[in-house]
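Labels run A, B, C and D following the written order; every chain starts at residue 1.
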Amino acid sequence: MKKILNDPADYVDEMLEGMVAAHPETYAQPVRRVIARAAGAKKGKVGIVTGGGSGHLPIFTGYVGTGLLDACAIGDVFASPSAEQMAEAIRLADGGAGVLRLYGNYGGDVMNFDMAGEMAEMEHDIRTTTVLLTDDVVSAPKEEAEKRRGVAGMVYAFKIAGAAAERGDDLDEVTRIAQKTADACRSIGMALTPCTIPQAGKPTFEIGETEMEMGMGIHGEPGIWRDAIKPADEIAEEMLDRLLADQPLAKGDRISILVNSLGATPAEELYILYRHARKKLDALGVEIVMPLVGRYATSMEMTGATITVIKLDEELESLLKAPADCAFWRV
Amino acid sequence: MKKILNDPADYVDEMLEGMVAAHPETYAQPVRRVIARAAGAKKGKVGIVTGGGSGHLPIFTGYVGTGLLDACAIGDVFASPSAEQMAEAIRLADGGAGVLRLYGNYGGDVMNFDMAGEMAEMEHDIRTTTVLLTDDVVSAPKEEAEKRRGVAGMVYAFKIAGAAAERGDDLDEVTRIAQKTADACRSIGMALTPCTIPQAGKPTFEIGETEMEMGMGIHGEPGIWRDAIKPADEIAEEMLDRLLADQPLAKGDRISILVNSLGATPAEELYILYRHARKKLDALGVEIVMPLVGRYATSMEMTGATITVIKLDEELESLLKAPADCAFWRV
Amino acid sequence: MIDSSAIAKALSGIAAHTATASEELCSADGALGDGDLGITVSKGFAEAAGAELPNDVGIALLTVAKAFQRVSSSSYGTLLATGFMAAAKLEKGKTGIAPEDIPGLVAAARDAMMARGKGNLGDKSVLDSLDAVAEALRDTPRGDMIDTAITAAAESIERFRDQPSKLGRARMFGEKSVGLADPGQLAFLRILEGLNGT
Amino acid sequence: MIDSSAIAKALSGIAAHTATASEELCSADGALGDGDLGITVSKGFAEAAGAELPNDVGIALLTVAKAFQRVSSSSYGTLLATGFMAAAKLEKGKTGIAPEDIPGLVAAARDAMMARGKGNLGDKSVLDSLDAVAEALRDTPRGDMIDTAITAAAESIERFRDQPSKLGRARMFGEKSVGLADPGQLAFLRILEGLNGT
């Protein structure tokens, strides 16, 4: 296990402690494994909470910050936080204007967040809504799109819904915009090597020295095919083809695109992917707005990349470009 | 080779093409393998150029931007650019107020930049100065500190000298401040796995499944010891001890610290290292200013980390905090 | 009547048995999911077994649900907590569970878990085991209950083995799940065995 | 007199021979550095051999220096370019190199390379080979020059083999470099052999 850690059981807590210590102007941890804005909830502002397993920095906790999230409940590596923690996150995010639960569609997370919502409404009388990210086109056919899991599209959802909340939109409006963002996002991933969950001590899956897997999920969920590693341009081509098959784009459409490393894949290689994606989209006459290339949603030291395309209209575009600030991203 | 690329021979050029395409408001490539600010040289401002091998993003090219560098010559992966390219970078950076060459102390780079300086002075009558980063404490004993190689300390030097140039300091002043920054930086690295140079197609070194190497350089240069992987706290402890032995710190001193991933090591683990470093520095009564935790100077997909400490005075601290903007870092 | 101290004893027995079965369950889950099920179940029951239980068996069951919630928030933990919570609501205010209530409690747990996890009967999940047990226990005399439950749970595994999973992470494996026992059903069998040992 | 066409012929010979030796040089450099030396040298001479050379042998040597610079910017490439540039300055305006100038040209290259790389004689580097060759060529009759140079270069490798490297990347290897030939010295020997073959 080529990881830098102490006791694997302390991985998450020590990581959070270090993160808060490094950025005390941004993050606070008022309750164990719940990260909130250092400045606390903003009175009268709609709160946005998320949650999920650890091991995906900057997702989830990293995106707590101005113009982004208000609080986040975080579990063990790749494991859902408890409903109790999520209820705490909701309470900490509440500024009196209700709270949007905005997170990825994973069974455990959904059940816990549903429970947490019930708890928050019962115990603290906080009105909550839910928007689920279901951007991974590989994880279910289009007819069952609501069963798809959420991956890097979250980054756009946090950014755009966060901007709506920050400018003072009410809960229904923030929820509408978040849902519209979720509906406009499509993602796909590919992986070359697994990562190691600290407490398990061994890789999440096995894969040959010269193999890649197209469509793999960020926890190693199986993809569409596994074969010899293809040239970068072919990889980008297929990924985009699959995204466009699910959400066609036409000349004049405006999109943003996120070329994201799962961890180990370096920025150099993301730019090689972006280069081809850009050419292809240029040829289609599609306009790219604020492309994101980097590590926005990772699986620790996994090698691989994801591509997310979000189709924009004026409303989404202006919210995407609004100022935002966390330790990992500043717009 | 678990890399996403097309022809290995095109790795660098395609990467640069993608980077410029993704961030056209920041970068331009007016000459092959020379990256300059998209807006061009600022008249009357001192120019700052750097250069070195590819494969270290955001180092070197990534730091071209406002409040940072003006131009950068970039070579093949881990190989120096040519003197001709460096001379082009100098020419592109020149706003009529002279140009500082600010880069890491590697034999090939130094020889080429010396040649390039002669060429620029001869052909374009541009006055140039040189400041070399020599922050890696492991690479030579203190008595021969001028022989040390430059690593992540570069990030501080780009930032601080860049801020001085941006506010209008003249060449001598920018050079003085850059040298002062270089003198105040100390770095050390450790590695767990190698990376693969695309054209070589095989890892830069071999290391056992449960081994780490303390003091290794960013190109796999040999370190101080190789042994079983130690707990994160012990690793951070030893790294800091070695930095402090070289540049002692006392109660009340103000520093900044950069905990940097060589590539694959995730942010989670950097925060675990930071946590311990912070405790140790707190215990010494040392004040940490603007800590940096992330991927600031990498070796593609190498696993490992470096720690840099810079001792600040008021002048350096205010320049460190001045605004800056490139695609990888915004202050 | 099953009072709080009997519940506590049962929890200890389950904790011990599921600890032994932890590796088996992890590897079953590893073949169709993220491989954490053994840990979820054994940690959850260990925490529940360590909790102080009040005399009110309803509150006692609520305490069990909360303990589960606290330590294991993977699907199975949340679902079991949901099930215990449903039973707790029905037993609140009593100092003992009447044996004849048991089939109804299992059915209530099943229904609450279906609502929580949005799963259906026939999807190949722990829901199918609960349903089989609830049905089998109806009209079963008190002394035979646990044997009947174990048999029903074991049969339910085999009945679904050769179907593809339609719920949870295993759903992603589609046809590859054919021939494999659903890990959650297997865990439920081990839980009943642990209960039997007490 | 060695005119431009003789230089061109020599470059082709060296390019061919160093291409053959490329792997050997890479692995020698791999043991003490970054393993690129064979590529640096063979690519550099291939580029130089492909360049159009003017009649002025000074300008011809400058062209060679520039070609080297262009394709290989690892230390050795820059150093060789520096050496060629130093020789170019001395021969500028001539249409042929007088054989009796050769020892002086080698010495001039050595000195320029020392200035450029801040290395010293005795550091175990290509500088020591140049120095040995420059010394040996003084008073050597024209016909024997290349043999003398090869012998001197080969001897120089052995003289330094058992010393630790004090220059370039190899310096980092300290005592581990004892017993190994300096890759740059070895490359210089192969260059001379290539020259001999023409």
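Throughout what follows, a contact is a pair of C-beta atoms (placed from the backbone, for glycine too) under 8 Å apart; a residue touches a chain by one contact, two chains touch by 3 or more.
No experiment lies behind these values; they were computed from the predicted model shown.
Asker: Please identify the chain with the largest separation between its CA centroid and the CA centroid of subunit A.
Answerer: Between subunit A and the rest, the longest centre separation is with D.
Asker: Where the centres are mean C-alpha positions, what is the separation of subunit A from subunit D, in Å?
Answerer: Centre-to-centre distance between subunit A and subunit D: 56 Å.
Asker: Mind checking the centre-to-centre distance between subunit A and subunit C? Centres are C-alpha means, answer in whole Å.
Answerer: The separation of the two C-alpha centroids amounts to 32 Å.
Asker: Please work out the Cα centroid separation of subunit C and subunit D, and write it as a whole number of Å.
Answerer: Here the centre of subunit D sits 78 Å away from the centre of subunit C.
Asker: Residues of subunit C that touch two or more other chains: which are they?
Answerer: none
Asker: Which subunit B residues sit where two or more other chains touch them?
Answerer: In subunit B, no residue touches two or more other chains.
Asker: Let me make sure I understand the interfaces: which chain pairs count as touching?
Answerer: Listed by label, chains in contact pair as A-B, A-C, B-D.
Asker: Of all residues in subunit A, which touch subunit B in the complex?
Answerer: So the residues of subunit A touching subunit B come out as 1-7, 11, 14-19, 21-22, 54-55, 57-58, 62, 192-193, 209, 229, 231-233, 235, 263-275, 278, 291, 293-295, 298, 300-301, 303, 305, 327-328, 330.
Asker: What residues on subunit C touch subunit A, complex-wise?
Answerer: 34-36, 66, 69-71, 73-75, 78-79, 82, 116-118, 167-169, 171-173, 176
Asker: Taking the touch rule as given, give the residues of subunit A at its contact with subunit C in the complex, in rising order.
Answerer: Per the stated touch rule, the residues are 75, 78-84, 107-108, 110-112, 114-115, 139, 147, 200, 204, 217, 219, 221-222.
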